[in-house]
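Input: structures, listed below.
Consider the two complexes below, in which subunit A is the common component and subunit B and subunit C are the respective partners.
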Partner chain A sequence: MNENIRVGVFVCDCGSNIAGIVNVPEVVEYTKGLKHVAFADEGKWSCSVDYLAKMKELIKENDLNRVVIASCTPRTHEPLFKRTVKEAGVNPYLLEFVSIREQVSWVHRADPSKATEKVKDLVRMGVAKAVLLEEGEEIRLSVKTDCLVIGGGMAGMTAALNIADQGFHAILVEKESRLGGLLNRLSVVCHDHVKLEAAEIVKAKVALVESHQNIKVYTNAEIEAVEGYIGNYKVTLKANGSNETFDASTVIVATGMQEIEPVGQFQYGSDPRVVTQVQLEGLLRGDEVGQVKDVVIVNCVNSKNESRGCCTIGCSVSVKNALALKMLNKDIRVDILYRDLSMVREEGSDLETAKRAGVKFIRFPDDRYPEVTKEDGNLGVRVYDILLGKEFTLPSDLVVLTTGFKGDDTCEAIKGHLKVSTNPDGFFQEAHIKLGPLDFPSDGISLCGCARSPKNLKDSCEEGAGAAMRASIPMKRGYLEAEGIVADIDLDVCNSCGLCAKNCPYGAIKWEDEKPNVIKALCKGCGLCAADCPKNAISIIHYSDEQILAQVDAALEERPEEKIIGFVCHWCALGGVDMAGVSRLQYPTNARLIRVMCSARVAIKFIERAFELGAAGVLVAGCEFPTCHYITGNYAAEERIKRAKKRLARKGYDPEKLWNVWCSAADGPKFANTMRDMVKELGLE
Partner chain B sequence: MSDAILIIGGGIAGINAALNAGDYGCKVYLIDDTASIGGMMARLDKTFPTNDCSICIESPLMYEVDNHPNIEILTNTEVRRVKKENGTFTVRLLKKAKFIDEERCTGCGSCVEACPVSVPDELDGKIGGMRKLIFMPFPQAVPNVSVIDPRCRYGKMRELGACVGGCVVDCSQCRECPIALCVKACKEEGKDAVVLWQADRPMDIEIKSIIVATGIRSAEPDTGLYGYNIYGNVITYIQFERLMNAGGPTAGEIIRPSDKKHAQKIAWIQCAGRGLTKGLPYCSKVCCMVATKQTIITKEHDASTETLVFYNDLKAYGKGFWGFYQKAIENGVRYIRARPYDVSEDPKTKNLTIRYEDLDTAEIEEVEVELLVLSTGLVPSERNKRLAKVLKIELDNLGFFKEKDPMLAPLETGVEGIYVCGGATGPIDISESVVQASAASMKAVLK
Partner chain C sequence: MRTFSLRDLDSDFVDEIESLDFIGTFRDCYACGTCTGGCPVHRVNNDYDPLRIMRMLVLGLREELLKGEMIWLCSDCYTCQENCPMEVKITDIINHLKNLATHEDNTPLGVSTQKKLLMDQGKIYIIDEFDNKKRAKAGLPSLPEMAEEARKLLNKR
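Then we have the complex of A and B:
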């Protein structure tokens, strides 16, 4: 390191919040004596506008090139201080944040002297890391404005139109000979008493799509290959017998769904009078229902059992089609056999209309399904009515089965091309079921419509527009930007084992010329790859092995036997630590916490180093399952902790001194209790 | 023409719409009429069907909004007037006083500690949650600043022992206050951020489109419904959610209001107050899964707790919901298909006896529980009426915002340039809100 390192340390009083407990002047004096520290100052309110201005002056005046802020929590204030040091001409990656309010003064109120000692340790750890920090920068990957939309149903067409209306280019690929998807096979769609012909809806939408100058439509087309990543996809298409290759920057998956045929059940397949809902729609559409008199609709066929869930739309489809039959001829008898009627707001009003029109609803038990019978060629449905408490047979000349759905057949192939996953029902798995419903874990690929799960027209169109928005953001900006906390692989050390590429939850490590290549803009910096790399070839910028080990070393410089080294993830675990602080939960002062982005970053060697230096215990704290900001990092961490315990035992350390806690950001009590328990169990009281 | 977008409502829908539009490059005003963004989701414990901790996944987004260069958050802010000319909306906002200088306040909480008066919290009062007259909306609030109950000023809380109780001068007349303890505490911290004389502040902005994301609220049952407000141990599902929450008033202890003891046998009544002579005429969609989640979490707290769910039609309509319900059954949750008709309290034990007809067996049964939770459903936000008038858009007969053409142009309202998403459209879960927020933001930026 040739550079002349000049660290500036700013310790905040936070009024009396920190200074009321911690002897801040003493900490500042102590800090001035640390190696590489060129300047240290006490600020009454470091985050106030006037002090931030002063801080900038001090950084320049003292020619500082590393900054340590010891104050509240990085979860809320790090962006502010990053901006400040940047404005002072220091690369924001050369800032280290030390939390001494939530981790010290608010939680160790009864023992100011121990609190002050802890702050000194934390600042020393911060300085040790700061000395090793390197400049970083946000990484940009250029993204152009062409979007591949796979699937030409209503969701896909809506997405393509939204993309194209921005002046971007949409390439819409449909496997069938015409656009429209499932809607091509339906008769009418209803919403809140409004009824529209499916064919009319499709016709209007297709006209918009086909006349749009920014949309290129391929029908009878199949995706042969998709290579690359956001901004750099190479797509090979087989359309009308010939192959075509083009570039795309983003991808929207809208491959839809298909009905599961109940072959061999309820006489389906053997008697033409037993049909599925989609087949009934076809009959209604073509006016081919004929002179039926008694229709029995059986809901939840192959749904809500051990292997499949609720099909979501079956109840409203059955009511809609029952009404359609009644419209055709009010004298047709229609019975709907159901388990639960799963109808929401506007669907509920259709239910009432159906009841008024004379459609009968009969509830059967979950474990006693109706049976389709045949006597002298006459069909019947034998059903046990829960409310009447008896069984009877309904004569029937048309039995309609409301069956479940699965993802489209092309799903498997697409899954391979895009390296994304599906659930057992063949529907694509989104990045996060609550907060990332239209995204895949890999940037640049969005998901919408029935390819995600069964849904009605309205929801499909909403998802189409929503997925278009998700895909448009990088296209509009012209780039994808990632924080500079990313993996960096030393290819001279790498032995091409492939573990990193296999384990990366974001597909950010591509295999090129027998070697891994980190697409930095896709990397989220969780550190899972680095912690597991058998050759130690991977470093995480801003959370390198050297930096974290320097923090461990600094923490254990004095009286290591009293100290607990805690590795806490930035998201939930640190949230729990902060929550304990905000709630002023008091716990012992032994912990020295080291922040990592994800618990998956914690390599076994960090834990070992702590024990080698005589630490009383080590804690690994991550998000509470199943939450993880990096999808599955905490699961990886849990596995690794098991391995670490074995390795510790082999090396003669007590594995029981390695603890872990999975803590939600709301659970201050859990963190505080863990600290108390650890101190007790480790005999530190 | 202005390129800015106004988003009304800072819950999970508004936050997502703001992040999408902000990332896209538009200037965004995200307003909320409460003191913090976060909405209902910020107060929930877990989310179905994965049991992800709610604030854990929402607060990173709240901080992201807060630090976003294109997004301006305005809390305690209402829309007062909207004028549309040549495709541009001129909007008059009113930022109501928090009596706190938001630039100066650091959320340190010294004022809260100094305040001598505790009152029942709006959300948590029924289950013992208290707050001060100066308070932080919730620990992860964004912006992370205190807010003062407006009733505190000018001696209006005298009986409760408010520190300014004896003062006869209207706070708005002063420019300093020698009495108020919060003012003093803040000054001692060197901040001087408490401004009891702060006035409401009007603000005019020009924007090209508006997204309405005013959200939804849990229905408050009528007094007497299954003993609600009569028997102490009958609470609503949102109150139960707060009981489970480690960040709630009981630090996550599931204890009943009457004696603060852990409840060992808990029943849920689904569709409480629905479909009778009055009450909600519709299914609120989420309550079945909320109850399922609550039973699973209750069992996680203490596996020996007995849990019963009285339901009629089980709504397990979404991805992963059926499996979630199966998990509850595996964990020993009893689902009983029945609509209870009567609840009575044992005056000594404060336990509740529920009488019901089991629909599967047609038998009249009764069961005694220690805590009863009413799943009362979701109703439109009380703000909708006034806002619809200001924006000149329509509500449906239930009080939700009406979409012009739900099938062909979902989320669009009768006024071009005004879109709606999330709970403002009707009962909805978080995931669907996020989807709609993405779609509404697409429409809003394209306008």
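Then we have the complex of A and C:
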């Protein structure tokens, strides 16, 4: 290391939040004695405008080239201090954040002297890492304005129109010969208040799409391949027999859904008088219902059971179609057999109308579905009415099954092309149900409509507009900025085993000329590859092996037998730690936490080093299953912990001293309890 | 368990009841069970269940309703009707069903016996000479037989 490293340490009082418990002047004095520390200061309110201005001056005056902030939590204040050091002329990647409020003063209020000792340790660990920090930079990718929309149903068309209306270019790909999707097979939508012919709705939308100069439509088209990443997709299309290749910057998935055919159930397939809702829609649309007298609708077929959830639209579809039949001929008897009716908003008034029109509703129990019977060629439905405790036989000349839905058949292929995942129901899986409902974990690909879950027309169109907005953000800005925390592979050390490329949850490591190549735009910096690399050839910028090991060493410099080294993921586990702090949950002071981006970053060698140095225990904390900020990082971490335990046992360490906890960002009590349990079990009380 | 065929059910019966002004619609019933939940009779006798009566009515189970004993267990307290979120006039409906059953001579033994007593003597409890003597001792006038008036009233309908 040639440069003259000058670390500046800024310890915050946070008013009395920290200084009320921790002896901050003592910490500052101690810090000044650490190697490479050129300057240390106490700030009353470090995040105040005044102090930030002073901090900038101090950094310049003292010629500091590394900064350690010991204050609240990086989850809230890191961006602010990063900006400040940047303004002071220091690369923001040379900042190390030490959390002494959430991790110390708020949770160890009963023991100020131990709290102060812990702060000294944490600051020493921070300085040890800061010394090894290297400059980094945000990765900037240019994003042009072409958006590939897969699926020309109502959601896809709405998305394409919203993209095109902003002046961007939409390429709309439909596998069938005409646009419209599922709506092409339905009769009417929204019955009671405004009756709209499905065909009319499609016609109006298609006219807008086809006449738009910014939309290019491909029908009878199939996606052959999608290569690349946001801003740089190469799409190969097979349309009308010939292949075509073009570039796209963003992708919207709107592939829709299909009914699960209830083959072999309820005489479906063996008797033409047993149909699904979509088939009934077809009959209504073509005016082919014929002279039926008794129609029985059976709801919740293949949904709301052990393997699938509620289809969410079946109830309103059944009521809508019951009314359609009644409007066709008021003398048709219509009975709806249901388990539960979930009808909200305007659907509720449809239900009222149906009841008054004479549609009968019979509720059957979850474990006793109706049976379709056939005697002398006459169809009947035997149903047990749970409210009356009676069994009825309903004569019937048309049985309609409200079946569950699954993702479209093309899902599997698209999933492979885009490297995204589907859920057990065969629908595409969004990044997060609340925080990223229309996004995939990979940047640049968004999701909408029935490809995500069954929806009515209104919700599908709304999601189409939403997905268009998600795709438009980088296209409007013209670039995407990604954090510079990415994997870096030393190809001289690499032995081309291929493990990294195989395990990367983002497909960010490509195999080129027998060697791995990290596509920085795709890499999210979770560190899974680095932790598992058998040759230690991979380094994660800002979370390198040396930096993390330096923190472990610094933490265990004194009295290691009392200390627990905790590796906590930035997203959920550290959130849980912070929540324990905010909730003022008191727990023992033994933990020395090291932040990693994902629990998958925790290599076995980190754990081993801690035990070699005599640590009382090691904790690996990550996101609660099944969520993970890095798709499946916590699963990889869990597997690795099992291997680590075996390795520890072989080396003569007690594997029971290696703990793990998977906690959500809101679960402060879980983290605090884990600390208490660990201290108790490890005999540190 | 008996299996009913809905073909046998009487849809006209549903329309007929619903056409009565003082009853209005009961098809709005969404089977929440508030009626049964508040019913004081149900609390001591599970056989009585106003929700079941409403469901039977909605499906048109005329015979079951008018020939069964269930409607006669209602104590006429109006708790169900007051509680109903869909404003179904449950007690009024049950009273109407009782009337219909009576017209068809489908009254249970207890009720028909009471009716007979009223017709014969004008009272449900028989007042004889013994009672009137005791009344005289207490300075009360003797009670007359009221059979004639009761018959007049009962035959009015």
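Rule of thumb we're sticking to: the second predicted complex is superposed on the first by the 666 of 685 C-alpha atoms of A that agree within 3 Å, B and C clash if a C-alpha of one lies under 4 Å from a C-alpha of the other, contacts with A are read in each partner's own complex, and residues count from 1 in each chain.
One rule holds in what follows: a contact is a pair of C-beta atoms (placed from the backbone, for glycine too) under 8 Å apart; a residue touches a chain by one contact, two chains touch by 3 or more.
Keep in mind it's a predicted model, so treat the numbers as computed, not measured.
Legend: residue contacts after superposition of the two complexes on their common chain; A:575 is shown touching subunit B, with no touch to subunit C. Shared-chain residue A:676: touches no atom of subunit B or subunit C.
Once the two complexes are laid over each other on the shared chain, residue contacts for A:394 go to subunit C alone; subunit B is not touched. In the superposed model, A:189 makes contact with subunit B only, not with subunit C. By the touch criterion defined above, A:472 reaches subunit B but does not reach subunit C. Counted by residues of subunit A touched, the larger count belongs to B, out of subunit B and subunit C. When the shared chain is aligned, subunit B comes close enough to touch A:666, but subunit C does not. When the shared chain is aligned, subunit B comes close enough to touch A:312, but subunit C does not. In the superposition on chain A, A:432 makes contact with subunit B only, while subunit C stays out of contact range. Residues 341, 387 of subunit A are contacted both by subunit B in one complex and by subunit C in the other.
Residues 14-17, 44-45, 47-49, 72, 75-76, 79-80, 162, 165-166, 189, 191-192, 194, 196, 201, 204, 304, 308-310, 312, 340-346, 348, 365, 386-387, 389, 423, 427, 432-438, 452-453, 457-459, 461-470, 472-473, 476-477, 571-572, 575, 579, 582-583, 623-624, 626-627, 629, 664-670 of subunit A touch subunit B in their complex. Across the complex, subunit A is touched by residues 1-7, 11, 14, 25, 27-28, 30-31, 51-52, 55-56, 58-59 of subunit C. The residues of subunit B lying in touch with subunit A in their complex are 12, 16, 20, 23-25, 45, 47, 49-61, 63, 67, 103-104, 106, 108-110, 139-140, 144, 188-191, 245-247, 251-252, 281-285, 313-323, 359-360, 362, 398, 406-408, 410-411, 426-427, 430-432, 434-439, 441-443, 445-446. Only residues 333, 335, 341, 352, 355-356, 358, 360, 362-363, 382, 385, 387-388, 390-395 of subunit A touch subunit C when the two sit together in their complex.
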